[in-house]
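Each of the next two complexes has chain A plus one other chain: chain B in the first, chain C in the second.
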Partner chain A sequence: MSTVTTPDTRSPEARPALPDGSAWSRWANAHRKWLFAAPAMAFVAVLIVFPVAWTGYLSLTDAEGSVRAESEFIGFQNYLDVLADTDRFWPAVWRTVAFTGVVLLFEIVLGMAIALLLWRPFRGERWVRVAILLPLVATPVAVGMMWRLIFDPNIGMANQVLSWVGIGPQPWLSGQHSALPTTMFIDVWQWTPMVVLILLAGLTSLSDEPQEAALIDGASTWQRFRHVTLPLLMPTVVVAILLRGIDALKTFDILYATKGRGGGSFHEVETLNVYAYGLSFDYNDYGVSSTVLIIFFLIIIGVMWALTYRKKGLQR
Partner chain B sequence: MRRRSILGTSLAVVVAMGVAACGGGDSGEGSDTLRITLVNHVWTENLKKALPEFEKQSGLKVEVTQLGEDQLSDQYNVKLNAGSSDIDVMMYRPLQEGKLFAKNKYLADLTDRTKSDSAFEFGDFQPGPVQATTYEDKVVGVPIITEQEVLYYRKDLLEKSGFTAPPKTLDELKAQAAKVEADNPGVAGFVARTGKAAAVTQFSSFLYSFGGDFVDAGGKASVDTEQAKQAYAYYGGMLKDHGPENISTDMSWSEAMAIFTQGKAAFYTEANSLYKNATDPAKSKVADTVGFAAFPAGPAGSKPYNIPSWALGVNDASENKDNAWKFIQWAAGKEQSLVQQKAGVPGARASVWANPEATSTYPKDLAEATTVSTANGVGHDRPLVVKVAEAREIVGQPIVDAITGKDSAASADAANEAFQKFLDDEAK
Partner chain C sequence: MRPSRSFRIFRTVALAVVVIGLLAPLLWMITASLKTNVDIYDTGKAFAFSPTLDNYANVLQRANYVQFIGNSLWVAFAATVLSLILGVPAAYSMSRFNMRRSALVVLMARVIPGVSLLVPWYYVFSNLRMVGGFTVLILSHMFVSLPLIVYIMMGYFDGLPTELEEAALVDGLTHIGAFRRITMPLSVPGIATAGILSFIFSWNNFMFALVLSGADTKTLPVAIFDFVGYASIDWGGLMAAATVVTLPIMVIALFVQKYVVSGLTAGATKG
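So, the complex of A and B:
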């Protein structure tokens, strides 16, 4: 290891001969920094750079039907078409943003509340923690199927429960306007525990002294939360927002499992991800689909950049 | 956490394509292992029971991949796009993917093989289905399952409401559905598929029976004709007025079938090939009381679709085509076709249909309804185009608009315009 950390400043001739003085060993020794990084770089190239680059290329062509079929290079025509599409594309953008915004708000607020409740030790703490984390370990498709049954307008449990308190049956997932809020609810149900987990880790690492000082100064519970706990916890909150935000933007499984292809007959829950999936798997419009994905990719990078920038500002 | 899968859904395809393109070719000509991909269907269940017999007699090992319709479609999209050779025999929908696959040259030309084999007797297959598996005069598939739309109904509920026979016309259907619904709170008069794309095939029989079609004789879009508008208004209106409460507009056959088999609906229009779901006591609460009738007549008569829903093809990139053909010879052969038809899956062989034994196991009324439908049926149940999925969404829009109480005539006008544009694009 020491040869790696302390550079050998002697001239090549002055260095001791390697055990096997072949040309290969000498070459390998001279290029070791590239050699060691090569597997990781190859991995990134094959699994990330190549697909993104090829998607970028496809987005500039009119590829459809089969990606092996002949396609023409059409420049930015797809981009112009997609950005002018007020029928499917912009509503999908709006839904993606609305979905992400709403679930993020609920998940952070609820997650914070639950994390604060679980912060101090109490009897049965372990069981409560396990119960709260259960939704997190279920696979999203199974979760989607489960809620689809619960929300079935005719035989589902949700309407059964409502009828006990005298409320009439609701359409839930099958309503044109209630489908998106219902999927948001499912997402909040499943992913709030992850926020709890992150915030709880942050809370546990906080020192007790500022709290005690505030207590002695006579601060109320709310004041202690607002002026002591929250500012100290802010970097963790930003991490939670960042992770959940990016995940929420690209939610696919819950939407697909509950509403199927195209996000329902009226595209009620069609977000950008669902739209791009339909374009490539139902319509075989690989060019347009790639265009939507590249635009989506840029949106996510933009959001990520904005959030990390903000995070740095906060940590300063 | 699923980081890095930002472009997950479709990019995974691209990666798979790249990887599969490099990885092909591991099975040499005439490998003993045959890889077949089948859909979840009664046909597949029956076939799997008989597979050991084929393996014994041919000495081949058969690996079956079995998927739902949508997943199967996705699988083909990924693997065939990549030119992968790891599918030998593929079960596909001639009317849904047939044109696309043939145009992309995914399906091997089977013309010579079908001609050279006298025992297989390709001439025995009904001409309609064969036409659907033929592309530019080349046979690219062998039809295995045919289906017709029939009326499923509840004998007990009809009797209770004083009806002695199932409806013969669409007007009677509406009247009976309304009466049964009024007599039985909590039971819908009528149920059928409601999903925009899923409903199109079952709606097609209504469209034809009102005298319309998706495309007219001149090849122009025709979903804005008076007949088509009436059909949309009828189908959507039945579901809106006599369908289950809070009706979802996402239902495919499995959801609609569930409502019927849970005893929550009196009438249900659906493909006859799914009848086992309604008559099997393990799956259906109404197994004892379900009846079948021919599709009710509209102004233009009773014109249900009569189509080949599934066929077997050989992947053009397969390196095991001889054995793939051996499998098709067996699975679509006379013997297996008879076994399948007796087990409830209507096939495409004329000789099997002529054999009374083949339908001896069917409910009597279903066999009768099927005979009627086969005689006056229409050979397609969706627009015959390359990009069927997209076309179905276009012509299906007025259906969901009618179900949700919107102006379905205006919606049909809009759909016609979009459909004509789609046809023009495809003709380019």
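So, the complex of A and C:
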């Protein structure tokens, strides 16, 4: 491999003959584009595209009970029923939107603040990075169980810490109105580090010159952040919002681990994902659950489309 | 640009709060796993207690966790290796031939809610009597691993110069030969990143195994969830179980910190 830097300027005929000139090898090399991509594409087609299409079909049937039971085609009846359901469906939509909006806001703002603090090298940086990595890789179900103990109204550390500063005990996860905010807190604890890492990668890739120019022009710290750093970092911020937003919409593990089936006895934390899961596997109501999933899927696509559209607008 | 003294003091204090906030709950989980339930219920003994390994002995022996650890390792390992075999060449093709639309189809898997796959899968695989077996569990975990690996490796191949491959072609290698002998060895850091991330995500996965695993193929996250019975919770045992699943993955992540971070932030700065 000593001729690494020589670009190939010879005509194809002048190249040395291929060492293995068998018919198979020639065919494989000519078709390598699809030979390489086809297995993964086939996997995706069979195990992902086909199931999604089937979910679409099931949403038009009254499938329920056993998976071997006969089902009938009922058109868009499930959609009419679900969209008229103000008892479980719309509250679940609202909770999904509220959960995603609140955790995104906190994770982006806190993540930005922490990333800015970590931007310039300092002593002890290694330890902060270790602390940031650990919640990220921890198993979400275990994280849910851990916070269940900490937020236990009777024996949990959270209420004990509050009592030191003179605040009375809170119900946390067991309160009808405090359960959802508490799960938001858990999500923020686990996933803010993800935003920190993404934004830090963005900050590190920025060049120093605009900063220095602004400094020479006498810009204050806030002005430099607002008018220099933030606009340059914006594409990365959008990526962070996109990645975290998709995952936040689909949050399941910590909700199911902390509140169990149906998002608790009053469905306090029942988001669309938890609702669809419960319909499918706790009630075996496959037709309705497929309908909820298709609507959920359209919501996710819509949010993604809106965000990527905005991203393109920002890059212009 | 050296930051001012007051900023450095503020930064130290603020970051100390962040570090404590992130680590204290994890330390509390480990502490509780070393306590008897009597000590856990006695809030006066938050820090003053005599540590015991009884909870771990219980979890590992009586509750069959040794088998669940083996299941989790096997499923995460198999899903990662199979996804690498399928995903690395696919990512290479998609990067070199600029197959952005095909790439988008694979990446859509990151967007689709997992439940919408589980319902049809449950239909098909329970009729094939495969629910509860390792095959369907590993396939389901590949649903997470494969798009992740394609995503990370596409970014890696995009950044890998093509000159070396071209030089290998001049020296008489075929295209596939150049991929195998030049590109693959150069991609080891990228493959390590993708593999480690895939392993972590598979190890932590809960929902697929909740539906598709059986009594013999249960993975650790499901086993932990099952720990919460209908009666009062055995907190010491639960925290030991939670520690058994999180501690190994956290220790591994610390050793390969560089790879984990580059995998998690892959594609973030391309804009």
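Quick note on the criterion: the second predicted complex is superposed on the first by the 279 of 316 C-alpha atoms of A that agree within 3 Å, B and C clash if a C-alpha of one lies under 4 Å from a C-alpha of the other, contacts with A are read in each partner's own complex, and residues count from 1 in each chain.
What we mean here is this: a residue touches a chain if its C-beta (ideal position, glycine included) is under 8 Å from a C-beta of that chain, and two chains touch if they have at least 3 such contacts.
Worth saying up front: this structure is predicted, and the values here are computed from it rather than measured.
Look at A:Lys250: by the touch rule set out above, it reaches both chain B and chain C. Once the two complexes are laid over each other on the shared chain, residue contacts for A:Ser265 go to chain B alone; chain C is not touched.
Touch criterion not met for A:Trp27: it reaches neither chain B nor chain C. For chain A, the partner that touches more of its residues is C, with chain B and chain C as the two candidates. By the touch criterion stated above, A:Ile155 is placed in contact with chain B and with chain C alike. In the superposed pair of complexes, A:Trp90 makes contact with neither chain B nor chain C.
In the superposition on chain A, A:Phe76 contacts neither chain B nor chain C. When the two complexes are overlaid on their common chain A, residue A:Leu47 makes contact with chain B and with chain C alike. With both structures placed on the common chain, the touch criterion links A:Asp282 to chain B but leaves chain C unconnected. When the shared chain is aligned, chain B and chain C each come close enough to touch A:Leu293. Looking at chain A, you'll find residues 47-48, 50-52, 54-55, 58, 67-68, 155, 243, 246, 250, 252, 260, 273, 276-277, 280-281, 289-290, 293, 296-297, 300 touch chain B in one structure and chain C in the other. Within the complex, the chain A residues that touch chain C are 1, 3-8, 10, 15-20, 25, 28-29, 32-37, 39-41, 43-44, 47-52, 54-55, 58, 67-68, 113-114, 117-118, 120, 122, 127-143, 145-147, 149-150, 155, 157, 160, 189, 193-194, 197-198, 200-202, 205, 208, 211-212, 215, 235-236, 239-240, 243, 246, 250, 252-253, 256-257, 260, 273, 276-277, 280-281, 286, 289-290, 293-294, 296-297, 300-301, 304, 315.
Across the complex, chain B meets chain A through its residues 1-11, 13-15, 17-18, 70, 73-74, 77, 80-81, 83, 100, 103-104, 106, 194-197, 244-250, 252, 259, 262, 264, 386-387, 389-390, 393, 396, 400, 404.
Touching chain A in their complex are the following residues of chain C: 1, 3, 8, 11, 14-15, 18-19, 21-23, 25-26, 28-29, 32, 40-41, 43, 46, 86-87, 89-90, 92-94, 97, 99, 102, 105-106, 108-123, 126-127, 139, 142-143, 146, 150, 163-164, 166-177, 179, 182, 200, 203-204, 206-207, 210-211, 220-221, 224-225, 227-228, 235, 238-239, 241-243, 245-246, 249-250, 253-254, 257, 260-261, 264-265, 267-269, 271. Chain contact summary for the complex, chain A toward chain B: residues 47-48, 50-52, 54-55, 58, 65-69, 153-155, 169-171, 173-176, 243, 246-247, 250, 252, 259-262, 264-266, 273, 276-277, 280-284, 289-290, 293, 296-297, 300.
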